[in-house]
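You will see chain A twice below: alongside chain B first, and alongside chain C after that.
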Partner chain A sequence: MFLWFHKLGSPPHFYRIAGKWIPWLSWIFLALLLAGLYGGLILAPPDYQQGESYRIIFVHVPSAWMSLFIYVVMAFCGIVIIVWRMKLAEVVLISSAPIGASFTFLALVTGSLWGKPMWGTYWVWDARLTSELILLFLYLGVIGLHNAIEDKRVAARAVAILALVGVVNIPIIHYSVEWWHSLHQGASLSKFDKPSMPPSMYVPILIMALAFQVYYVLALFHKCRVELLQRERNSKWVGEL
Partner chain B sequence: MLAKVCAHWLVTGLPLLLVAPLLAEMLGMSSQAQPVLLLTILIGTPILSLIGAIGVALTVGLRKGGIILSLLVLPLYVPVLIFAASAIENAAMGFDVSAQIYMLLAFLLLSLSLSPWATAAALRMSVS
Partner chain C sequence: MTPARKKRLALILLMVVGVAVGVGFALKSLDENIMFFFTPTEVMAGKAPKNKLFRMGGMVVDGSVSRPGDGLTVQFDLTDNEKQVTVRYAGILPDLFREGQGIIANGKLDDKGDFIAQEVLAKHDENYMPPELAGMHKSEDAQAEDPY
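Take a look at the complex of A and B:
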């Protein structure tokens, strides 16, 4: 197990493995995306209160989940960087930041597009919305700090510390709808309760979430390969490619 | 590390604490909210200094550190502001504020125990 982990951590090995996985992941992503969109936009019935416009949740909810998930991945990479100084973790952390920022942005935009017909406003300074916006700034801070430091190994350590400090925000975002009586509704899906919507609605959400998850890994592999080539451009294995 | 943060708090947090009752009176804040205002400032400003220390330590070696510093630190300040503001809002309406105060105290203890460690790690990285 540890040997496998160690081997995966070596840049040339990861480069090869990721390259092999990319075509498979692309097809899986495409299939899941089409299935999720078909189930969400065509099969699922309209909501009895919100009509057709609730359908944006099939993009909004998965991307909001991803925005939190990717940050947790980054914080985990931060621990690995600080404790084991693993090069691959640095690459994963840095490559995750723009993807996470995009998902956060997507969640904010789709949320505000949904908010206009439902709440009558694009934006309220509400706990959930504000903390999601903070998450976007955290991602931008990670990207900015990484760009500002010349030496990329030093930059990775700085970013790791920042990612770990910022992880305090994740539970705040997650529980904001329960701690404050916010305009944003509570969670409709949870592991322990029966979901408060019929399967024809929550199954497409789960499929879309899976599709976004696969997309994240796919985009991460692409970005990591480029980042690895850039960092290791003077090494022997890159010369052999 | 803690001594430096303390010194910073003495020149930034403490004056704010002293001037706050005057400002609250001038802005017409209700008298029942004023003790809560002072309490939240007393608990909150050390947290801000402690978080700021991490941000400064991360950016100390950079030439254009200023903008990045605010980008790093301001998002981390917001939870403190949310809880403090909600405590004062509740106090002004005559509700219980202990939940928010406990949350702020938890933040204070967390940042007091973890921030010097993170600041030290960041400084070690910045000067090496």
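Take a look at the complex of A and C:
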């Protein structure tokens, strides 16, 4: 296990493995996405109060989960960068940032479009919405800081610190609807409670969440390969490609 | 792990814990400002700001919605199952507004202690179900009170 981890950490090895996985992941992603959309938009029944408008949930909830998940991955990479100085973690961290920012943006926009007809407003400054917006700024901050520092290895360490400082926002986002009165509703799906919706609604959400996970890995592999080639352009293994 | 790595790990964990404690204290002191709305009980107890806009959230009391006067103004009672406050509002209500629904109104209290709303938002809860099931769940919902 440890050996496997070490091997994966070597750029040429990762480059090869990721290249092999990309076509498979693309097909898995496509299949999950179609299944999730079909289940969500066609099979799932309308909601008793919101009618058809609630269907945005099939994009909104998975993207919001991804926005948190990717940030946690980045923070984990941050620890690896600072403690072990592992090059691949630097690449994964910085390649994750734009993907995470996109999911955060998607969650904010879909939520806002749903909020207008349901709540009666596109935006309010309640705890959940505000902390999610801060998450978007954290992602943008990571991207900006990385671009501002010329030396990639120094940049990675600075970005690792920022990612780790920002990680305190993650539990705040998650618990914001419980700690404070907010306009945003509580979680409909959680690990410990019975879901407050029927399986015909939550199964498509879970399939979409899985599709987004696969998409993240797929996009990450693509971005990491490009980043690795750029960083190691003078090394022997890139020359041999 | 080498001693240098251990030290770096300890430092980084210390930093994260420090930031978390700092943010925790900041949020604790900002508690009232982060609360998106006051409940009718808090409003009756005089906790809400006077002569200033604030938000009040609660459930629309069954059978309390009426349109007195010109028919543009809606009047209804808002409750948190303890106290209730009468709200008056002239404007467009969101689609989800109905009796028994959680809503949040933004406005101020008048001299009589009624809440004059300038904006009414519907608070949706986390329950989703197909229309044919909604009737069956009604009786259960009535027992599972206090959504806030």
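Everything that follows uses one rule, which is that the second predicted complex is superposed on the first by the 241 of 241 C-alpha atoms of A that agree within 3 Å, B and C clash if a C-alpha of one lies under 4 Å from a C-alpha of the other, contacts with A are read in each partner's own complex, and residues count from 1 in each chain.
In this text, a contact is a pair of C-beta atoms (placed from the backbone, for glycine too) under 8 Å apart; a residue touches a chain by one contact, two chains touch by 3 or more.
From a predicted model like this one, the values you see are computed outputs, not experimental measurements.
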{"item": "Fit-or-clash call for chain B and chain C when the two complexes are aligned on chain A", "value": "clash"}
{"item": "First, second, both or neither for A:Leu162, with chain B first and chain C second", "value": "first"}
{"item": "Which partner, chain B or chain C, touches more chain A residues", "value": "C"}
{"item": "Touched partner set for A:Ile82, first chain B, second chain C, both or neither", "value": "both"}
{"item": "First (chain B), second (chain C), both or neither touched by A:Leu241", "value": "neither"}
{"item": "Touched partner set for A:Gln49, first chain B, second chain C, both or neither", "value": "second"}
{"item": "Partner chain(s) touched by A:Ile172 [first = chain B, second = chain C, both, neither]", "value": "both"}
{"item": "First (chain B), second (chain C), both or neither touched by A:Asp126", "value": "second"}
{"item": "Residues of chain A that lie at the interface with chain B and also at the interface with chain C", "value": "82, 127, 161, 164-165, 168, 172, 180"}
{"item": "Partner chain A, residues of chain B touching it in the complex", "value": "51, 54, 58-59, 61-62, 64-65, 67-68, 71-72, 74-76, 78-79, 82, 86, 110, 118, 121-122, 125-126, 128"}
{"item": "Chain A-touching residues of chain C, taken from the complex the two chains share", "value": "1, 5, 8-9, 12, 15-16, 19-20, 23, 27, 31, 34-39, 57, 92-96, 104, 119-134, 148"}
{"item": "Chain C-facing residues of chain A, complex", "value": "45-50, 54, 57, 78-79, 82-84, 117-121, 124, 126-127, 161, 164-165, 167-168, 172, 180-183, 185-188, 196-198, 200-201"}
{"item": "In the complex with chain B, residue positions of chain A that touch it", "value": "82, 127, 130-131, 134-135, 137-138, 140-141, 144-145, 148-149, 154, 157-158, 161-162, 164-166, 168-169, 172, 180"}
